[in-house]
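The structure's right below; bear with me while I get my questions together.
Chain IDs A, B, C and D follow the sequence of writing; residue 1 opens each chain.
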Amino acid sequence: MEIGILGLGKMGKNLALNLIDNGHQVVGYDRNSDTVKGAEKEGVKGAYSLEELVNKLSPRRVIWMMIPAGAPVDDTLERLSSILDKDDIIIDGGNSNFNNTLRRNEFLKELGLHLVDAGTSGGVEGARNGACMMIGAEDDVFDYLEEVFRDVNVENGYLHTGPTGTGHFVKMVHNGVEYGILQAIGEGFEILHASDFDLDYKEIARVWNHGSVIRSWLMELTKNAFSRDPYLDDIKGVVNSSGEGLWTVEEALKLKVPVPVIANSLFVRYRSQKEENFTGKVIAALRNEFGGHKVEKK
Amino acid sequence: MEIGILGLGKMGKNLALNLIDNGHQVVGYDRNSDTVKGAEKEGVKGAYSLEELVNKLSPRRVIWMMIPAGAPVDDTLERLSSILDKDDIIIDGGNSNFNNTLRRNEFLKELGLHLVDAGTSGGVEGARNGACMMIGAEDDVFDYLEEVFRDVNVENGYLHTGPTGTGHFVKMVHNGVEYGILQAIGEGFEILHASDFDLDYKEIARVWNHGSVIRSWLMELTKNAFSRDPYLDDIKGVVNSSGEGLWTVEEALKLKVPVPVIANSLFVRYRSQKEENFTGKVIAALRNEFGGHKVEKK
Amino acid sequence: MEIGILGLGKMGKNLALNLIDNGHQVVGYDRNSDTVKGAEKEGVKGAYSLEELVNKLSPRRVIWMMIPAGAPVDDTLERLSSILDKDDIIIDGGNSNFNNTLRRNEFLKELGLHLVDAGTSGGVEGARNGACMMIGAEDDVFDYLEEVFRDVNVENGYLHTGPTGTGHFVKMVHNGVEYGILQAIGEGFEILHASDFDLDYKEIARVWNHGSVIRSWLMELTKNAFSRDPYLDDIKGVVNSSGEGLWTVEEALKLKVPVPVIANSLFVRYRSQKEENFTGKVIAALRNEFGGHKVEKK
Amino acid sequence: MEIGILGLGKMGKNLALNLIDNGHQVVGYDRNSDTVKGAEKEGVKGAYSLEELVNKLSPRRVIWMMIPAGAPVDDTLERLSSILDKDDIIIDGGNSNFNNTLRRNEFLKELGLHLVDAGTSGGVEGARNGACMMIGAEDDVFDYLEEVFRDVNVENGYLHTGPTGTGHFVKMVHNGVEYGILQAIGEGFEILHASDFDLDYKEIARVWNHGSVIRSWLMELTKNAFSRDPYLDDIKGVVNSSGEGLWTVEEALKLKVPVPVIANSLFVRYRSQKEENFTGKVIAALRNEFGGHKVEKK
């Protein structure tokens, strides 16, 4: 199939190469023309404007956006909507908030365009060699695209989750679960690290990944991380968050679902990002007020 | 009544003066002889050894320990047990773990001595002018001492909680609740502090303390703290913990009582005490492994 | 001053009587005409339509809404906006989300109307005899109204928190803190209840309220509750939530403030409201899969 | 090698058969003589008393205990210690608390006996066909036994974690991590379940297990569980806990490691086990006291 990739960053370019490997024709566009040139060397047919991307594809066009969530997606859809033809398909392969996807779908549907949300997991490496996709789409649009999804994902690694919006929703929850699992692993190794025993974290991650109940890809990566740096001495304990954990908790709150583990995982990240612990200041000040406990001065 | 105060630190000395104000005779001992001399100037009859303390009191002796919890209490009880007379009374006014109190009571009971646990709240200021005490004691021992407890506490501010051990148990839970309340207040002010609004924290603490649902002594202290330092700029957000919050959680775990708020309050303190966030390092390393997310290097 | 009270439920009627006691003239309107009739018997000048309420007040009118947050407030403001005169003042005394207050203020400001948000704490009893109010308003509007706020609140019990919106914001955070404090108290008593000791909860709440660090109005109410029902045998452990705890957590998430205690307090309420624990089902099913641990069948 | 298996329950018997498959000679003992008879039919050499077990093995004996943690282990070690010969080896393959293992090792070492702790994961199925073991042992004892561990575990699935005690310690932390992961998965599916979308949980578990970041054995089991019962309608959401999660939190508390996720996972289980939510009762009663909010009566 002929596919237009919009956004040739780490994820987009790898997806393009993955498609080419599987016999598809890829036209690629990126705001950065050097990036387009780089991709051309690896077999992507380059486009240097959105219009050129659209023109180089023949209807029924399939344009797969691999761009940052938020305003960039809205801007791009606004522009695409005026140059695409009825029945063309746009796939949003980024981490858009599913509420935005639902809203955008309303707008595009009225123009006769089809929006597909393909929540993608597996990282950069997965985009290149086989990813995992949760796909929200109308039934007939999904059928039209299924061979492509079959090709770029690992075996058994794609699912038509339901109508447009469900792909990003299921991917969001996936990431929420990921937050909790990462925090659980982190806490386990912090206990090991705090104990008086002299332990080999890399070897422990290795054995936990062979035959144990918690064997998993993340445990394999844990082994890799400790192989590179046995005590993680070079790394600061600052953990960023890109939005999906937050959205998962926001959605859980709306649905009145108690999510202590996912929420606390997010709070741990927030605390790690801050220089100042104002809560701690208040408590330290109060302990000084009532008990004369010393505060640490700056 | 004649009372021996053992330990003339901030709490012990204030308690001694409180007793004297209320017409009791106080013999005071402290390991530090300068401390004893200081107390003598304020009306305390000084003793310069444990033996002198015991000898200066006439049976039925009442010795009130105001010393740090843990080994010092065990050592002192060991020594006292060999020089006191049958039926003498020892009050432990410190923050001993109630499990230790139960154990010590077994040992002292066999010698015919009576142990009373008087869990004390209200801080240094309360010890001087009226505290709050939760008192575990045999019924007749409590009756014997009740006038003393009536005198040194605020009106309505003492309770015979039950047999020996219950005083420290109820005081422990009191402190656990305190951990949760402090954290709730801290979180509230951190939200105010993070908002874009320009707010006066001292004034907010003031109004929250007059007529609102959360009016409390701690809110009064919050106002005082912000009066001294409007944004707590001089204070580091490091919060220590002296043991009772930990014991409350340990006891809750044994009793299978879910205590998310008290436990998380304790964890926030633990995190504030650490230079290094190993959990965060593990998660940052893993995010780098699977998503190529940058780690912050040291 | 002449004040129109819009909504004569528990809170509105008590506020009306409080105003009358303090020498103000009150015109009162409620959708339910029987409610208006009842209020007339207690000195309120009745109005049987919004229009009548507005007509019975002379400009510069002050209309104080005491109605449920959400759509009712929007509907009422819509209708009021077309019948009020420029410079009239509307006070929203309910628990509106401050984001809505900010939005509504934009709309009313363009019409020359003034919106004041008076976040009110102290419950039904406070509305009658002296409440606590956090008031967002333009400076001159606040000055115009200050005597009224002075009259209906306890001494020191009102604060001009800043421009319109800040009153509801500070009140929201107040309620968030309240969630945490309530949960801390609840956990404390659950530990007491689970222990083997035979304890008197009412007496413990009483002593904790005299001289201790955690003395507070809520502890006084705790004593009252246990006075009525020593083991709370008649009450189900289902805790509802009216929105402000949720909004506090949502706002904290947006501001990236870690609020483990407020959030977990909310989750405990959510769990208590549900018949079914789906998380628990999933874990029980998984423990059966990997360890053969028995699941409880329905 | 000749191995004595002590305890022929689900785990012990499967381990015995696993050993036999790998060419080892197994003498098996169980308190229940029918259990011994059953095992004899599958190739185990039966023993009908502890003494017979010991006598049927020739020194240097290796006795592998697969019995419930706690008192049974202490009793058995007490008895074994008087009938074994110097230098014999006892393996504790159960989920003993590592603090007990350290204590027992002190006692056995003085008698010249060697204690090995083999924390075992992988469930009943793993014991039969390849488990995962974390092994604490003196270096030379581990070397003596290594071929056995190599045989009964999956490839790469055993680790000499360090001296005696470390095996159970690392296994304990493994289970703590497991608590957190299970809760994260549970929360994710509860959000899916609460949403308005019509989703297929089995298919979602399937796709999450192919190429996604959270692919893992537990996700495979999640798919299996939903295959059996698509909405888990037949299962109650009651989750038991066998001790290791509790010990992990207790140990983290001692080490001052913040473990919000593991602790909250445990609290969720505790809450699920209780008929009555006393915390909830207290809060419901208090909301009634201050706000007139209705309580649900029993």
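In this section, a contact is a pair of C-beta atoms (placed from the backbone, for glycine too) under 8 Å apart; a residue touches a chain by one contact, two chains touch by 3 or more.
Here the structure is a predicted model, which is why all the values come from computation and not from measurement.
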* Specify the angle of rotation obtained when superposing subunit B on subunit D by their C-alpha atoms, rounded to a multiple of 5 degrees. => 180
* From subunit B, which chain is the farthest off, judged by mean CA positions? -> A
* To do: Indicate whether more than half of the residue numbers at the subunit A-subunit B interface occur in both copies; give same if so and different if not.
  => same
* **Geometric centre distance via CA averages, subunit D-subunit B, whole Å** => 39
* Give, as an integer number of Å, the spacing between the C-alpha centres of subunit D and subunit C. => 48
* To do: Could you tell me the distance, in whole angstrom, between the mean C-alpha positions of subunit B and subunit C?
  => 34
* Asked: Which subunit A residues sit where two or more other chains touch them?
  -> 123, 183, 185, 187, 190, 194, 213, 217-218, 256-260, 264, 267-268, 271, 279, 290-291
* **subunit B-facing residues of subunit C, complex** => 121-123, 126, 130-134, 153-159, 161-162, 165-166, 169-170, 173-174, 176-181, 183-185, 187-188, 190-192, 194-195, 197-200, 203-204, 206-219, 248, 251-252, 255-262, 264-265, 267-268
* Structure fact -> Touching subunit A in the complex, subunit B uses residues 10, 123-124, 182-183, 185-187, 189-190, 193-194, 217-218, 221-222, 224-225, 229, 232-240, 260, 264, 268-269, 271-272, 276-293, 295-298
* Asked: In the complex of these two chains, what residues of subunit D are touching subunit B?
  -> 213, 246, 249-250, 253, 256-260, 263-264, 266-268, 270-271, 273-274, 279, 290-291
